[in-house]
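Each of the next two complexes has subunit A plus one other chain: subunit B in the first, subunit C in the second.
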Partner chain A sequence: MEKRAFFSNKILPYALLLPQLAITVIFFYLPASQAVWQSFLLEDAFGLSSEFVGFENYRHLFAQPEYYRAMMTTVIFSSSVAILSLACSLLLATQADKQLRGGEGLKTLLIWPYAVAPVIAGVLWIFMFHPTLGTLSHPIKALGIDWNPMLNATHAMILLVLSATWKQISYNFLFFLAGLQAIPKSVIEAAAIDGSGPLRRFWTIIFPLLSPTTFFLIVVNIVYVFFDTFGIIDAVTGGGPAGRTTTLVYKVYADGRLGGDLGGSAAQSVILMIIVIALTAIQFRYVERRVQY
Partner chain B sequence: MVENRRYRNILAYLVLAVGVVIVAFPVYLAILASTFDAATIINGNMPLVPGDQAAINYSRTLFVGASRTSREPVGLMMMNSFIMAMGIAVGKIFISVLSAYAVVYFRFPFRKTAFWVIFITLMLPVEVRIYPTYKIVADLGLLDTYTGLILPLIASATGTLLFRQFFMTIPDELLEASKIDGAGPFRFFKDTLIPLSITTIAALFVIQFIYGWNQYLWPLLITTKSSMQTIVIGIKKMITTQDALTEWQIAMTTAVLAMLPPVLVVVFMQRLFVKGLVETEK
Partner chain C sequence: MAGVTLDTVKKVYAGNVEAVKGVSLGIDDGSFCVLVGPSGCGKSTLLRMIAGLETISGGAVKIGNRVVNEVEPSDRDIAMVFQNYALYPHMSVYDNMAYGLKNRGTPKPEIEKRVKEAARILAIEPFLDRKPRQLSGGQRQRVAMGRAIVRKPQVFLFDEPLSNLDAKLRVQMRVEIKRLQRALGVTSIYVTHDQVEAMTLSDKLVVMSGGQIEQVGTPAEVYRRPETRFVATFIGSPPMNILPGKVEGPGRVSIGDQMITVTDMKDGLTPGSAIEVGLRPEDVQAGTAGASTLTMDVDFVEELGATQLFHGKVAGAAFVVQASTGQIPADASHLALSIDPANVHLFDPQTTKRLGRI
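Then we have the complex of A and B:
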């Protein structure tokens, strides 16, 4: 799509582009290419000198059992959050799609967690499930479970999944609701006239018609868990106990800052970049399909 | 709709009510905790109705801060967060409205290249290039400055794409008419384009303000002075792994204060918020 009418000025457009291009080059391209370059370097312990070591950082990375564990943690974490938050928000959205009295107010009450910072979400949930003072820890302990997300890795992961899901429901809810409202009512009415009940209508008509939204949300949720949950992890578990809730992004941070291993951290960054680019590419292919749809 | 049976609506209300309660409960607990003293919270049996310490907790949090950990008044942290969020929102709108104007309304060599150079940034969030960016900001002497907090976070394409998309829907006749009236690029921009874009600008502002206020990893890395801390950083520092040091009543009061501005923005500007959210994702 192009404009038929336009200005032809020799210098002005460059001046208009300058602020954004300057910021993009200095704070995006420069660091991104340095990350790639640094991933091929090995720095000495004092950061005084570095030598080119080729793929050594990568080889070292893939020899670490911790890296595979972080990968597994990321996969488990992101799939649990994606499934749980999509299921909850789809349920809420289908109910909110019915023309209810006070529906707008209910909608507002469901979407505001979007505005809560991930790290604050983490703080709220650790407070609620704190092993000694958490309000909800007592009922769990009363059931005979020795609840302690600070020592037990499974408990820590459950708490992370719950807090990350809590924060993401509002986003998914909004998009599902928009998707549901875009489905023509006539299609649903036709199916009802043919005698199919509400549940059957949902699975045979509504759910398939929602699939573009669902697919889009799956990708967005995975990206969300990859990057935006950094704050949640840092607040709830700090990657622990014993590194068992360290995700790929958290490891980039921890290795570079706490461990001082900048080459290894850069190599991890590069791998993450490749994953994100792949996910984005998948999303774009899907966007093209949606246009034909 | 098709069947308007009463029991189905009751079921819908029930499901939504449960959803609302689950969504609100953690925040309710935080608000509760901000009304008790430390001892009541620590013993683990916090009552489920508010206590009477709210005034003390809020005034201490805002003007004094936690005594054992982060040691800065939270009011100051909120000021820092506000400056950062405003800077990100305004800065991003400023650079992206200009670049979208150039890309849509001008023809010049390397126009497509410029667009792609900006577009590619969509793919890589700041988290994956965090240390090299840190190094550049440090080399520029921007650690512990608002500029250092703000600039790297506005280097992304979402705003440019949003404005480009909107400008494309503006009929060509408007520009043709302005040209006949003798308007140059500046007047067309000021008198026609900006007034038409007000809703889009407001929607982007809402989204970017929330994004900026909630930033965590970047400010965590580049602020070393405690006077430059944002509230989101401050609260994390209050929660220490050694439980004895955590002043929960102050931490939870801070949590409530940290949630307040962005939540108010979402609630009172819901329409703009939804518009901004849906359209920046397209």
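Then we have the complex of A and C:
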């Protein structure tokens, strides 16, 4: 249903829109266009002067092996987090949908991690898995594993994936649960009478009907891992050891803020922006085509 | 094929709410049984227990000679048509009908043969490749029926299958369901709150109220001789008039200061005791030709085209008379009504049970 408000005053609607528009312009369009402009500039080490260099920053960027490594890291990190968090939350949602006793309380608890700030989440996981101080590190070491996310890149990545997944499960869970509850109960019952067991029912009826939700979440999760995990990475590994957990977004920060290469950092931001715009475009295409049953 | 037997079947929900209070019922092989009653009377719950979608709290459900209380829905050899059709939205019409057969490992050529056959019977052959959302309500209903018949089950279960259709389509589908059931000869149990559907479809009509059976019989039996006041007022449209009366003697009751004679009256009722007198609006004639008469004050008239409904009062109680148009002048303010003693139903005001000859 279309809802429309009518204003007799010509200025009022614009005045009401202004705060939101101002925020969008100041905090999104302005920095974004600044980044685009910056990506064509080369600044001296002290930030006193800059000159226009065209695509030089981009050329330099694509000549760096570190950039491709960061790309690979991002792909591994984002696909692991997306797959793991989607699988876990789907499992939790199907169980919660069965409406077990105390289900409401459990649902609320499952949503809590989403309210935790990324940095706090990172610190929380470091407390648990720090090689010498972590409460869970000792049991792991007792199993004979030389657990050290500070030195071992694989361990560091596992720790990052776990903490990022843990935070994202809540969000996915909510959407999956809503998706499950939107499936008419009688469809499931009809399938039960049609002789399909719970597992077969899940794969032939429930999962296909959830596919629009799943696709939406895949895109949202990838965007999440690309950007919102910055806090977690910064708190848990700081991109280390030896840059092995530096993702694309962390590299923007590392090169720009820590390395002082504003032009190169801006060029990376622009590439990231393009990736996300492309992802969103694909999502809208797909969702529009497939969401209506 | 098989009949269905219910033996004191009970459903108790959490909090000790009894939805079905010990229902016993035998449904013959190949017959069409309709469960009718107002919403919340337990008819759908009963059907869902037969289907295996609800657990059975007490008693036994038998399909054929097998007690199925603990049997999974898929192993009961039943098919069900749901109110909202419950088609699988992501599958084509063909796949919707084939799904149950595929799950049972039916060979592909056999599936194709059966689906094509069902589609032919239901006239949905042109839509086999379509998705349910591309179909109209009536077509979806047919697909739902097709999904039921391809399986060749022992029992068909229908849960208010026509209530989502518009009035015209409902009448059409009603006839088709009846024809299909006759042709296939499969035992069918049909739940509805619509008494016209109930009357027209059933071989055996089961009227339910408050989780219990009020009456079982053929539609004619239930209409002609309702066993309780509930059945009397539930079956028949417009509903039966109920007037407060008094026992005057064998075969005689009074309504206010008017006396009428009754054929079907229990012996030995105490003269002077209160009694409820039921008269169907269509059983009352204008005029004074009958064995007894009543006078009625008319308030207003409803036009139904072929018939007219006269609303008014007899001895202070609301009363409706149905008459063919033109039989009674529409501007009449008083009516003399002729009563056939054979058409008077008597009920106990306390137990609401029929007070007729046994």
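Simple rule for what comes next: the second predicted complex is superposed on the first by the 263 of 293 C-alpha atoms of A that agree within 3 Å, B and C clash if a C-alpha of one lies under 4 Å from a C-alpha of the other, contacts with A are read in each partner's own complex, and residues count from 1 in each chain.
The working rule: a residue touches a chain if its C-beta (ideal position, glycine included) is under 8 Å from a C-beta of that chain, and two chains touch if they have at least 3 such contacts.
This is a predicted model, so every value here is computed, not measured.
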### Task
Scan A:A35 for contacts with subunit B and subunit C and give back first, second, both or neither.
first
### Task
Look at A:Y171 in the shared chain and tell me whether it touches subunit B only, subunit C only, both, or neither; answer first, second, both or neither.
first
### Task
Please indicate which partner A:I140 is in contact with in the superposed arrangement: first for subunit B, second for subunit C, both, or neither.
neither
### Query
Which holds for A:A153: it touches subunit B only (first), subunit C only (second), both, or neither?
neither
### Task
Would you check which partner chain A:E189 touches, where first means subunit B only, second means subunit C only, and both and neither mean what they say?
both
### Query
Between subunit B and subunit C, which makes contact with more of the residues in subunit A?
B
### Query
Where does A:I26 make contact in the superposed view: on subunit B (first), on subunit C (second), on both, or on neither?
first
### subunit A positions touched by subunit B in one structure and by subunit C in the second
189, 192
### Query
Taking the complex as given, what residues does subunit A use to touch subunit C?
184, 186-187, 189-197, 200, 204-205, 208-209, 211, 292-293
### Task
Show which residues of subunit A lie in contact with subunit B when the two form their complex.
1, 3-10, 12-14, 16-17, 19-21, 23-32, 34-35, 38, 88, 91-92, 95-96, 98-100, 106, 108-121, 123-128, 132-135, 137-138, 150, 166, 169-171, 174-175, 178, 185, 188-189, 192, 198, 216, 220, 223, 227, 230-231, 234-235, 238, 249, 252-253, 256-257, 262, 265-266, 269, 272-273, 276-277, 280
### Message
For a test of understanding, state which residues of subunit C touch subunit A in their complex under the given definition.
### Response
51-53, 72-75, 78-80, 82-84, 86-90, 99-100, 103-104, 131, 133, 147, 151
### Of subunit B, residues touching subunit A in the complex
1-3, 8-9, 11-13, 15-16, 19-20, 22-27, 29-30, 33, 41-46, 48, 94-96, 98-99, 101-108, 111, 114, 117-118, 121-125, 127-133, 135-137, 151-152, 154-156, 160, 168, 172-173, 175-176, 179, 184-185, 188, 210, 213-214, 216-217, 221, 232, 235-236, 239, 241, 243, 248, 251-252, 255, 258-259, 262-263, 265-267, 270, 273-274, 277-278, 281
